[in-house]
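Same chain, two partners: subunit A is paired with subunit B first, then with subunit C.
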Partner chain A sequence: MAKFAKPESIVNTTEYCGGCGHGIIQRLIAESIEELNLQDKTIGVVDIACSYWSLDALDYDMIAGPHGRLAAVATGIKRVRPEANVYVHSGDGCAYVIGLSETSYAAIRDVPITMIVANNGIFGMTGGQLNLATTLVGDKTVSSKAGRNPDTMGHPVDMLKSFQNYDVEFLARGALYDVKHIEQTKKFIKKGLENQRDGKGFSLIEVLSPCPTNWKLDPVKAMEKIKNENEKIFPVGVYTDRGGVQ
Partner chain B sequence: MSADYVLMKGNEAIAEAALRAGCRFYAGYPITPQSEILEYMSSNMQKYGGTFIQGENEIASMSMIWGAAAAGARCMSSSSGPGFDLKQEEISYLSSYNLPCVLVDAMRYGLGDGEITAGQDSYWEAVRGGGHGDSRQLVYAPASVDECVQLTYQAFDKAEEYRNVVIILTDGAISQMIEKCTLPPAKEHDINKFDWTLTGKPLGVKKNKVYNLDHTIGFEAWEKLMRNKFKTMYENEQRWEEFQTDDAEIVLVAIGISSRVCKSAVRQARKEGFKLGLLRPITVWPFPRKAFEKMPKSVEAYVTVEMGMSSQMGEDVLLAMKHQKPFYSYLTTKYIPKAEDIVNFCKDIKAGKVQQTEVF
Partner chain C sequence: MAKAKPNTELCKGCRLCVGACPKQAIIPLEEVNKKGYQIIRVDEEKCIGCGMCYKTCPDCVFTIA
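Then we have the complex of A and B:
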């Protein structure tokens, strides 16, 4: 059910660009945490890139990790405070490119954390460079001005399919381009947090998220691009659910 | 209250001292000559109810420590040579975020892959390093297994006192030698002891945000806080040992395994009436400049003995004695120095046969 009241955990404004998906993701995280009554034991881990903005916006204990290593930071916190609700809000450059090793090994260790990764196909904070994992073939970025050429830059990778090789609790991909998909994404995030609450293993929820500023599209066209192009390469849905379908 | 004497290898003694100091989180990656620390932690951490993680790499290990330290645990990691290089990013961040942790660097010789055996040429990395920006780390240089134990045990308190990284700088010889040591009593650390940790807190309670403090107190106040922290460490933490310096003509300056050989050299020289002395820095950052202010008038020259190919500690010695005395370095690269050779080198200095060492 759609809610219009602001979650009480959101206590500050952010400086996300207009039309950015991170703000929606941040809100879905806050709503899910509140609906599960997990505020009191939540510790958030954000990157020193775009998700950094949510560090002051949310009324939780929060830490900014080294770029890429959020899954490892969260592992350290969770091992010291197993009773805490530890979530990660990361971008795809952080989780899938520079920090692929840390994300993979948190999954391989099946650390009971909830990791939310915005897949926007670009390096947002640094000004719109190519993302080796998620920039679509042909997409132009400031470091691939003629478009991504798979002959020299390889193809984008569906990381959830890679992580399916590991024995983890939950892998799912959502999108934000309409209410139906936002609701589905929230369901996935909530499921990831429930898994952690119930002492289950590693959960990763990827979210197809727009970056109008660096895609050089208006917010509506950015959402349309996700629906018409990105989702074709990165299909939404549940990839792994060890606990079985509800 | 009985003293607990044991025979232990340097690396293992460091690990045991850390556990007894309340270290309950270790993450690291194997590299010679420090792997016994990781192995010892893997076997013994569980007894103390803590967490041992063999990390997928050095950066991941340090990032786990980043989280564990912020959550309030006493944490440690260890490495050597190229492995320690990879910890630099996090060292800078941890000191900047005011997070305490203890790191061990068991120096191996050489640049690049170098050798897996003892060296002392990662001195600069430890005392000038700490990644990007001008952070400082408290760096201890133990010269015996017992001192490894005592300094590691204290290092955790110091890391929390300053909310900063503390480095135990050994070398491949100190870390591998087996000696008698006294183990201090085991103590527990309360992860809820401090008010700056991440715990998860109810609505209405002020939350902790672990990042550069400039966001909350303003950049200038943050800068002042950092500078004060490093300056206080510099003023209060200089430690050293003097050995027969009272009437010395030549004062040797050395750490770790080299300092032990220097002690033999001093004894040997004095048997022949040649007055050598030894000044052994126990902290290398802060370098014990205060010790140099108190050196007797009899001192004619300073000589560093270092396992390296060029003098690194010489820079600190020249600053500490304000370029007032002739300076020489006896450099042995990957070889542990011999007492007799040190004495002969000093005799040659006395005889005017040795040119002063250029520090570059």
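Then we have the complex of A and C:
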């Protein structure tokens, strides 16, 4: 028997760019769901963005919501199928910019869903535009050619801190730049799914993920950028854990 | 002992596994697969089957068995 092997739920090749963090996130989701034995109850919600690829790759019931409105779609699924394990795999453009209202109100209603948000500081699928919530000051994108200027474009926002104002179950941020942090991220994702299984509230796990294609860096340098720059602005760790350590 | 078995047809040439390997057993090659990405080779002499490459790889290239 293999010590480590591709999760059985991943039935197709992943079509992400080389070195993309979404591939790792997708595997962590599949591993966590298999370890909790929730395969048959799972309904995944993906965005019309990079996470759309996991619709083909994963062997779960999946739906692609209107762009950005994943938290609202997942809320609807959870309301009519309360026994289902509903997870959202989205990016930061979807959850924090276009769908900020939907994400916020899912959190305010404390809907028991699990949201996994890849924070790569850019709009990936559309070609690398500035993301007002997560692009770092000075980062060059196709819509900020000279780098993000805080005088006209503002500063990046730690969205988990703003969601801390709401009464939610679990908020945490993980990273993918080394094996230690990948393992930590998997624990967060698993905890989010367990919260849902146990009928607790809204869980959101943000993952600092690289986008080598649009950052115009090679994948190894993109991981170093997360370690040296992004993690300083977006610290890794647990932000809210209502259940807490008993 | 368990060894890493790469399916290099899935590889996308990101090289994240090369730095993650604690024994420097993963060798980047210039050879390309069908998709046109530069692939890697595992030095079985050095491999200890720890699974770090499996955990780092975004494309599920590795099986540790």
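In this section, the second predicted complex is superposed on the first by the 242 of 246 C-alpha atoms of A that agree within 3 Å, B and C clash if a C-alpha of one lies under 4 Å from a C-alpha of the other, contacts with A are read in each partner's own complex, and residues count from 1 in each chain.
To be clear about the criterion, a contact is a pair of C-beta atoms (placed from the backbone, for glycine too) under 8 Å apart; a residue touches a chain by one contact, two chains touch by 3 or more.
Keep in mind that this is a model prediction, so the values were computed, not measured.
Visitor: Mind working out whether A:I233 is in touch with subunit B, subunit C, both or neither, as first, second, both or neither?
Guide: Neither partner.
Visitor: Once chain A of both complexes is superposed, is A:V157 in touch with subunit B (first), subunit C (second), both, or neither?
Guide: It touches nothing on subunit B or subunit C.
Visitor: Just subunit B (first), just subunit C (second), both, or neither: which does A:Y105 touch?
Guide: first
Visitor: First (subunit B), second (subunit C), both or neither: which does A:L136 touch?
Guide: neither
Visitor: By residue count, is subunit A touched more by subunit B or by subunit C?
Guide: It is B that touches the greater number of subunit A residues.
Visitor: Thinking of the overlay built on chain A, is A:G18 touched by subunit B (first), by subunit C (second), by both, or by neither?
Guide: Second partner only, subunit C.
Visitor: Residue overlap on subunit A between the subunit B contact set and the subunit C contact set?
Guide: none
Visitor: Could you list, by residue number, the parts of subunit B that touch subunit A in their complex?
Guide: Result: residues 24-25, 27, 51, 53, 55-57, 59-73, 75, 89-90, 93, 191, 198-203, 207-211, 215 of subunit B touch subunit A.
Visitor: Any idea which subunit A residues touch subunit C in the complex?
Guide: 1-7, 10, 13-14, 16-24, 27, 178-179, 182-183, 212, 218-220, 223
Visitor: Show me the residue ranges of subunit A that touch subunit B in the complex, using the header's touch definition.
Guide: 8-9, 39-43, 45, 55-56, 59-66, 69-70, 72-81, 83-85, 101-102, 104-105
Visitor: Applying the document's contact rule, which stretches of subunit C touch subunit A when the two form their complex?
Guide: The contact residues of subunit C facing subunit A are 2, 10, 12-16, 18-20, 37, 49, 51-52, 54-60, 62-65.
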